[in-house]
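Structures for review follow.
You will see two complexes here that share chain A, one where it goes with chain B and one where it goes with chain C.
Coming up: the complex of A and B.
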């Protein structure tokens, strides 16, 4: 096992390298990395639910979409968010994500397993339905176009400056989530993931724990949405669509649930496939579908789980227990 | 807003509900029996429509396209279930198929930079075969973790297939909006009491009622139906009394795909068949399943009717929140009774 300190050091070095390499690459890479990082915040919020609490939410795009639409409406209707009040929009985006999650959580948290999947799917579709149909507010199918980026001392229309800003948000989000999952609260979330009944018997209010985790994840989803809206300059129902939620889930599973870093890696890979491969070949969707199938069938613990699987193979060669142990992962 | 408006909207809603019943009942049965949230169900609908188009193109017969398309998609569903969702005994076939698929993609991407590979069949097949053998060796060395016990992984697997089906349809049939033209007899209108009723929508309702009755008879009166009901109620117990639940799931998956494809052929005549239709139908089918209750046929019928009517009246009366009025009741029902209105506990 690599010690926790070394792991943190590796993450730190990789992040520093990214901050150094990306701006010196082409403008396409900068844009791609910016978008991937905004989305990675959403993926990490899914990981907080899936990997650390054991709740597989199929509606995380709702918070993402609400944050994105809030930004677009603020900028185009109220002319707020193109100067220093950018920070106001960020705060509002986080708050609206939290508020929506607080509302949705009341319905969803009670359900378990596959019913949680279904109810979060339905909740996500509610938000999608509003985005798609509420023409006067959301622009319907066409969505909302925003022109320009905020300027407040920093000129965010410069792609590299904007990349650094999103990068900072990404790094801080990762740090906050890391501190959260290592805190006593995060530990009891993991306890709920492993065996909820036992935590209840120990006297924990598991409903409240899950509810708070759900709200925090909603807040990060809202933040990701705000950044996404500024990155794209365009918000449409495509942002809230079911496949966005499912993509975020895949990113987490692909990278390795319960690792945070895995979610970011997954986001980078899925984004690379979606955005980069689609400019190269017409059949990119086969590759995306293939990644889904391969991940699910052959990489149940994700990319971050590969070292563990190798170790397990080495220590118990030919032992069936090896594969059985792996089953006891969050579902 | 006179009587005629209400009659026409109700009629449209009911006929749309008839279509949704075809898609939703299969999804509901699959969920009830296997506890699988099948996100590739929309793709079955789309493929049903596309295959019917091809059948009509080659034979000219719309009547023939109905059973052929449905059977073809049922076969696809059967293979997907047996090889990927529950692959005991067929791991070799599955690994070989996946290895072959990736190998084709590998040679295609090599071909982008070294065009001689895609220039002729010889080098292409050689590179593909080489890659396939290498990949197969690799894949068969990976110890697998079964996915039966993990709903999330099953869902994501079906999403992956939905993407594969989507791209496949795009490659085979292209990206244009296409229409299925039913025989002239069905495209007329009937005038009853001064209101025009399209015959085709009546045909849809009749079809759904007929299929509903057949399904009900199969479920209530046959041995297979009894086995299905037993599996929905308690799969473990059903296995215990000697019901081959594996056969039941294969049967149900094929049946679900069959019904969805039938819906695609029938619905293709007035919705059109176009890329993206799969992910448009999917949430509606889920609404049917959730409102009606998972694994219950009668529930699916009522759910389909409710969704069809809610969709039509919602779009006509409150267009701005019409999808919200569809999905919000779904959330409430799920929150109060997770198994749906008519679901078995």
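Coming up: the complex of A and C.
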């Protein structure tokens, strides 16, 4: 087993490498990396629920959506968020994500498993419905356009500068979530995931723990939404649509639930395949579908489960001749 | 394990970085085209691309003497993806201009990209009214070669009034395109003395109109409807099935050539208005329909024609510019000076960068057309409103003083 310190070091090195490599690649890579990182924050918030608390939320796009719409409304209606007040929008985005999650959590946390999934799905669709129908605020199907990006000493309309900003948010989010899941609170969440009844018997208020985790995830969802709005310069109901939630969930499953890093890797792969491969070939959807199917068939732990899988192979190879034969035989 | 991971990630990043930056050829006209190639709108996206491609093929892959590099990008029908793809086209492919966008939301998402990147965006389908009306000043590098949603519906309001209809019910898809279409119809119809007595908004994508059809008021003279895609196929079938025989006057997308081949005989006699019909009897249109049908095996829709004539427009503009691309602002100026003789008829551009074009009132008719030997459904032109501007007869100032058409404007004064 690789020690925790080494793992952290790996993540740190990879992040540093990304910060160095991406800006020196093509400008389209910068754009894709920015989008993937903004979305990865949402995926990590899903991972906090799915991987660490055992709650599969199908409505995470709701918090993402309110964050994005808040940004667009602030910028276009109140002219807030294009200068130093960018940070105010960020804070408000996080708060509105938290607030909405606090409201939705009251309905959703009571249930578990597939019922939780259905309730979050329904609530997510409510937000989509609002975005779609509340024409005076959201512009309906047309959405809201923002022209330009904030400038406060930094000129964020420069894609590389903006990449560094999103990168910083991404890294800090990852760090915060990491600290959170390693904290006693995070441990209690894992306990709830494993056996909620036992945690209750031990005296934990599991409802409250889940509720708080839900709110925190909502906050990160809101943050991701704010960054997403600035990345695209346009917010529409398509941002809040069900597939956004599903995408986030699939990214987590693809990368490996309960690892945080897995969510980010999942986001990178999905964006890479969807946005990059689709510029090259028309059959990119098959590739993406194939990756999903193969992951679920052979890597139930996601891509982050590959090392464990390898170790398993190695040890079983040493012990068991029969399995070795099977492995080496081309099929 | 650690090395492997790192190598994988770094290798991936490098691979992404290479292969992307192709140098722009100075002699080439580089055109990016954004259309849904996958997803539910993929077939419409194909019509759009085919239309443009047909013109290129007919002219040896050249526009105005310049070799054209035509790059199609898939936006999956999503505005977010359209933004990414537009930026990819501009930053990596160094396109001179990008064209396309199907849905109004895509048009709204792409217009700011043109401003931010100072690159010409030609909206060849997307019809959101305000892009060439109240919000135009934000988008100096934006131009439209197609239509605004309300542009063909305003003449239809006049036509319905001229038919002697007094009371009309509107049933339109519940989103901006539906509002703008129905709004344009209602405004002109009521200004002419008619009354819209009921407005029904079924959600976009409704396939079962069961809950809506029984609420239709029996004392109406006609029904105005705006449907898109599968809704267009279901609505007339279910309406006639319910025994309602009121005449239909519809927005163009309810009966365009994209849905018409899949419709049954129950739609014969239904009227719709649009800036194109495949059954326009001009030599230019006949040649276009025949060439398109020979190549792609289907009758062109307005999605095809608008992109075909967009290519034609670029062709003329590059010719006028002396065989080179003069930059977005100069190019738009040249486009505005061109009077195009397109398959859809004469087209020119107003000072708000939207086309002035004929609007055709069309009746679905089963007939033989252009020497094809089978009886088929065609949108027979029964009246032509020549050179219709997006402001109809109101004039620019008066028109722009009113708010954009929505589900609350014009208000339904005669609804009970």
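Here, the second predicted complex is superposed on the first by the 312 of 331 C-alpha atoms of A that agree within 3 Å, B and C clash if a C-alpha of one lies under 4 Å from a C-alpha of the other, contacts with A are read in each partner's own complex, and residues count from 1 in each chain.
Methods note: contacts are C-beta pairs under 8 Å (C-beta built on N, C-alpha and C of every residue); 3 or more make two chains touch, one makes a residue touch a chain.
Everything numeric in this text was worked out from a predicted model, so none of it was measured.
Placing chain B and chain C on a common chain A by superposition gives a clash between them. When the two complexes are overlaid on their common chain A, residue A:123 makes contact with chain B while staying clear of chain C.
In the superposition on chain A, A:285 contacts both chain B and chain C. Of the two partner chains placed by the overlay, only chain B lies in contact with A:253; chain C stays clear of it. Once chain A of one complex is fitted onto chain A of the other, the partner contacts of A:185 are absent, as it touches neither chain B nor chain C.
When the shared chain is aligned, no partner comes close enough to touch A:78: not chain B, not chain C. In the superposed pair of complexes, A:22 makes contact with chain C only, with no contact to chain B. When the two structures are aligned on the shared chain, A:135 is found in touch with chain B and with chain C.
In the superposition on chain A, A:275 contacts chain C only, with no contact to chain B.
Note on the superposed arrangement: chain C collides with the chain B stretch 271-279, while the other options among 271-279, 289-297 or 325-333 stay free of clashes. Comparing the two interfaces of chain A, the one with chain B and the one with chain C have residues 132-133, 135, 285 in common. Across the complex, chain A is touched by residues 35, 37, 39, 84, 94, 98, 101-102, 105, 108-109, 112, 139, 142-147, 149-153, 155-157, 159-164, 166-167, 170-171, 279, 282-283, 286-287, 290, 319-324, 326-328, 330-332, 334-335, 338-339 of chain B. Note for the complex: chain A touches chain C at residues 2, 6, 10, 13-14, 17-18, 21-22, 24-29, 31-32, 35, 132-133, 135, 139-143, 145-148, 157, 159, 232-234, 236-239, 272, 275-276, 278-279, 282, 284-285, 307, 310.
Those residues of chain A that touch chain B in the shared complex are 50, 56, 58, 106-108, 110-111, 113-115, 117-119, 121-123, 125-126, 128-130, 132-136, 241-243, 246, 249-250, 253, 280-281, 283, 285-298, 300, 309, 313, 322-323, 326-327, 331. Of all residues in chain C, those touching chain A in their complex are 1-2, 5-6, 9-10, 12-14, 16-17, 20-21, 37-38, 73-74, 76, 78-81, 83-85, 87-88, 91-92, 103-105, 108-109, 111-113, 115-116, 128, 135, 138, 174-177, 179, 204, 406-407.
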